[in-house]
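What follows is a pair of complexes built around chain A, which joins chain B in one and chain C in the other.
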Partner chain A sequence: MAGRLPVNPNRMELLRLRRRLTIARRGHKLLKDKFDELMKRFQKAVAESLALREEVERSLAEAYELFALARSETSEAELDEALSFPEANAELRAGKANVVSVVVPELELGERGRFDSYGLALTPSLLDESLAMYDRVLPEMVRLAASERAVKILADEIERTRRRVNALEYVLIPQLEETIRFITMKLDEFERANLTRLMKIKEMVSE
Partner chain B sequence: MKVGFIGGKTSIIGFKSLGLETFTVPKPEQAPEIWKGIDLDRFALIFVTEPVYEFLAEDIAELGESGLPVVTVVPSVAGSRGLGRAEIRSLVERATGTSMGLAEQAPPGGRPEKEQ
Partner chain C sequence: MDIEPDMTRAMKTFNRVPRYGTAVGRIMMHEATMLNWQRIERLIESRFEDCITVLIDTEYGPFLEGATVAAEVEAGLMAFLKSQYELLDAICAGTFVPDFMHLKYDFHNIKVFLKLSRGESGAEPMLSGLGSLDTERLASAVEGEGGTLGPYWEGLIRDLKEESDAIDGPGAVDTVADRVFLEKRLAIAGKEKSRLLVDFSRAAIDVANLKTLLRGRVLGKPPEYFADALAAGGRLDRSELVGLAGDPPDRFSARLLATRYGGMLEEVLHSEDRQVRLTSLDRDSDEFLLEKLAGMRRMALGPERIVMYMLKRENEVTLLRVVLMGKLHGVSAPVIERRLSSTYTRGGVQV
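For the complex of A and B:
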C-alpha cells in the first residue's frame, strides 16, 4: 500500500528524500523505545491497580457487612443523626506525576480528624467498628482511584504511540524507500541513455 | 479539594461520617439528575457505586480522562459486579490487543442481590 510519492526524479529530490528517510528512521526508533517503556509501565500499573481493587472490594464488603449489622441494632433516625454532622474531614490534595512524559494525577488525603464525633450512648459499638473499617479502607480507595486513572491515561497514550509507530513503519518509511529507489533507477537510466548517446556520437565523428 | 460519594443510602451513609460529601441516589435511574446538580469543580475524586455507575457511564465519559475530578467505581452494599475489573480489562485489550491473561473471573465476595 506504500506507493511512491509524486516527485520529479532528480538529484535534488533524491538528497531531500534521503534526509527525510534518516529523520523518519530516527523518529521511529525513538517512538518505538517510548512505546516499549510505556508498555512496561502499563503492565506494572495494571497489576498494581488490579491488586488494589481486589483488596478494596474485599475490605469494603466486610465494612458494609459490619455496618449493616450496626444498622440493624439502631433506629434509622438515630443513625442518621449520629452520622449527619461529621467532624472528620476528607480533603484531597491533587498533584501531578510524570511517567515517560505522560502526566498522571496524584491524589493524597490530608489530615482527616476523628470520625466518631457522635454520642456513644445511643449507638451500638458495632457502628464504631464498621466506621473504623471504612476509615481504613478510604486511603486504599483513594490510591485505587489514582492508580486506575493512571492506567486509563497510559492506555490512551499507548494507543496513540502505537498508531504513530505504525504510520512510520508501514507507510512513511516504505514510501520514502520506494521513491528513493524510483529516483535512483531513473537517474541510472538517464546515465545509460547519455552513455549510449555519447558512444553513438563518437562513432559518427570517427567515421 | 473534596471527595464525593454517589450511591444508595446504605452504601454511602457510613462514609458521610468520614467527611466525604455524599449524594444519595434513591433509585439508580435518578442518578443522572443528581449528577447534574453536583458542582464538579469542587471535587478531586468522586466514588460511584456500581448500580449508579451504570446510569452515569455516559456523563462520566464526557468528563474526559485528563482532568479532575477522578471518578472511580466501587461496589455497593449488594456486592461487587466486577465492573471495575471489567473496565481495566477493556483498557488492557485496547492498549495491547490482548487481554494479557486477565481472564473472565468472578469477583471476590460478590452477592447477586440488588441494592436496597
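For the complex of A and C:
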C-alpha cells in the first residue's frame, strides 16, 4: 500500500503535487531507460570480463607451471640472484571513462626494458618461456582489473538505479496519485458542501 | 692428441695414490648410496608425502624428514649439498678439486655482490653457502678494499667489474660472470693437466654457449650480446658461434646440426612443439654432460672420480628438487618425467 502524503488538502497543494507527479513520471522514465542501458552494458562487460578472466587464469596457470619447473631446476639462491635487479619496469597509468554517466576506471600499462636481464648460460631455458608468458599476461591482468572494477561499479549503479526506479514506480508515484486523488475528492467535497450551504442560505433568504 | 710419455703417466699415477687414494675410497662408498632409477621412478609415481617416506631410507633422510613445504625441501636439499661439500673439503684438502667445485658458487656470490654494488636491497637470502670464499671478505673486495682475498680473486673481481660496467644494462654482471666462470674452470682443469676434466669443462662451455645462442636468438638479443656472453675455450669456435647469431634460421640450424653437437640439438631445432623444444634443450644438454662424466668412471684413482661424484650428486639434488617441487606444485607425473634426464629414468644410460 502506497499510502498518502501528510499534506493539507488545498488547491495550492494539489497544483504542487501534480507538478511533482509529472516530474516523478518523467524521472521514472529516464531512470528506467538508464537502467535498461546499464543492464545492456553490464551484461556485455560481464561477458567480456569472464572471457578475459578465463584467458588470464589459463595463461597464469601455464606460466606458473613453467615457472615452478624452472624454479625447481635451480637453487632458490641462484634464481633469486638471476632475477634480482630486473631491467624491466612497469608504469601504470590510471584514467576515467564515462559509461551512461557512470565513471569507470581505465588502466593502461606502460612497460620499459627487457624482462630477460639474466645470464642465459647457466639458468634453465624454461625461465625464458615462463617469464615471457608472465610478460604477455601482465597487460591482460591490468585490463582484467579495470574490467572487473567497471563491472562492480556498474553493478552498484544498477542496484542504485533499480532502487530509484522501484521507489518511484511503487512508492512515490502511487503516493502522489493517491494524495492527488484524496485532495481532489476533498476539494470536490468542499465544493459540494459549499454548494449545499449556498442553496440552504438561498432557501432561507427566499422564505 | 697430446699423449703423455709413459714415464710421466706412471709418475702421475704414483703421485695420485697418496693424494686421492683415501678420498676416492670414501667417494666410492658414497657413490653406492646414490638413488637408482627404480627409486626415481617410484618417486615420480608417488605423492609428495610418500616421496619423503621413500627418501627417509636414503642419505637425504635426515635432511628432508618432516619437510612439508617448498622452503623446507629447498633448505633440506641445500643442507645435504653442503654436507657433501664439507666431505669434499675434508677428503680433498690441499688439492685443486675443492677449488674446481666451489668455483661455481664463489662466482654466484661475486655476482650477488657486484649486483648489489649497482643496486640496493639485502644480499643475505641470495648468497650461496657452498662457496669457498668468506662472504664478508668478498663484499669488501667488491667494494674495492685490497688485501682481503689475495691478488688472484681481487684481480678477477676488478676485471669482472670493469667488464660488466662497460656493458649497458643490469644483465651485464650475469653475462660476463657466467662466461668468466666457465673459462676459469677450464683453466683450473688445464692447470691440473686432467684430460677428462678439460674435456668436460670444454663440453660445458660448448653446451653453455649453445644454450646462450639458441635462447638469445629466441629472445631477440642484439648481436653484440653474443660477443660478450659466449665463452672461449670450447670445442666450437667462439667467433664462429658469434657469427652464427645473425644467420637466418635455416642456415643457423644447418650449421649447428653439422657440429659435433648436432645429435643433441636435433630435437631442439626441429620440433614444432614449443614444450618439447624447451624441455629438450636443458634435458639433452644435461644428458650430454652426464655422458661426458661417464668417461671419468674409468679413472680408478684421481680427481676425476671425485669430481664425477660431486657433479652427479648436484645433478641428483636438482632431480629431487624437480620431483619434490613438482609434486608440491601439482605438476603431473608425465610432465615431471619429461623434465628429467633419461639417465635417471627407465631404460636410460646408467652413469
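For this structure, a couple of remarks:
To be clear about the criterion, the second predicted complex is superposed on the first by the 196 of 207 C-alpha atoms of A that agree within 3 Å, B and C clash if a C-alpha of one lies under 4 Å from a C-alpha of the other, contacts with A are read in each partner's own complex, and residues count from 1 in each chain.
Operating definition for what follows: a contact is a pair of C-beta atoms (placed from the backbone, for glycine too) under 8 Å apart; a residue touches a chain by one contact, two chains touch by 3 or more.
Values in this document were obtained by computation on a predicted structure and should not be read as measured data.
Of the two partner chains placed around the shared chain by superposition, chain B is the only one that A:V142 touches, whereas chain C remains out of contact.
Contacts of A:L92 after superposition on the shared chain: chain B is touched, whereas chain C is not. After overlaying the two complexes on the shared chain, residue contacts for A:R71 are found with chain B and with chain C alike. Of the two partner chains placed by the overlay, only chain B lies in contact with A:E57; chain C stays clear of it. Of the two partner chains placed by superposition, only chain B is touched by A:S49; chain C is not.
Touch criterion met: A:I158 reaches chain B, while chain C stays clear of it. Residue contacts after overlaying the shared chain place A:S84 against chain B and chain C alike.
In the superposition on chain A, A:E207 makes contact with neither chain B nor chain C.
Taking chain A as the reference chain, the count of touched residues is higher for B when chain B and chain C are set side by side.
Overlaid on A, the two complexes show chain B and chain C touching the same residues of chain A, namely 64, 68, 71, 80, 82, 84, 86-87, 116-118. Note for the complex: chain A touches chain B at residues 39, 42-43, 46, 49-50, 53-54, 56-58, 60-61, 63-64, 67-68, 71, 79-80, 82-84, 86-94, 103, 105, 107, 112-113, 115-118, 130-131, 134-135, 138, 141-142, 144-146, 148-149, 151-156, 158-159.
Partner chain A is touched in their complex by these residues of chain C: 74, 77-78, 108, 111-112, 115, 118-119, 121, 125-128, 169-171, 174-175, 177-179, 181-182, 208-209, 211-212, 214-216, 218-219, 221, 229, 231, 274, 278-279, 281-282, 318, 321-322, 324-326, 329, 331, 335, 339.
The part of chain A that touches chain C in the complex is made up of residues 64-66, 68-69, 71-78, 80-82, 84-87, 114, 116-122, 124-126, 128-129, 132.
Listing the residues of chain B that touch chain A in their complex gives 1-3, 10-11, 13-20, 44-45, 47, 65-66, 68, 70, 72, 74-75, 77, 79-80, 84-85, 87-88, 91-92, 94-96, 100, 102, 107-109.
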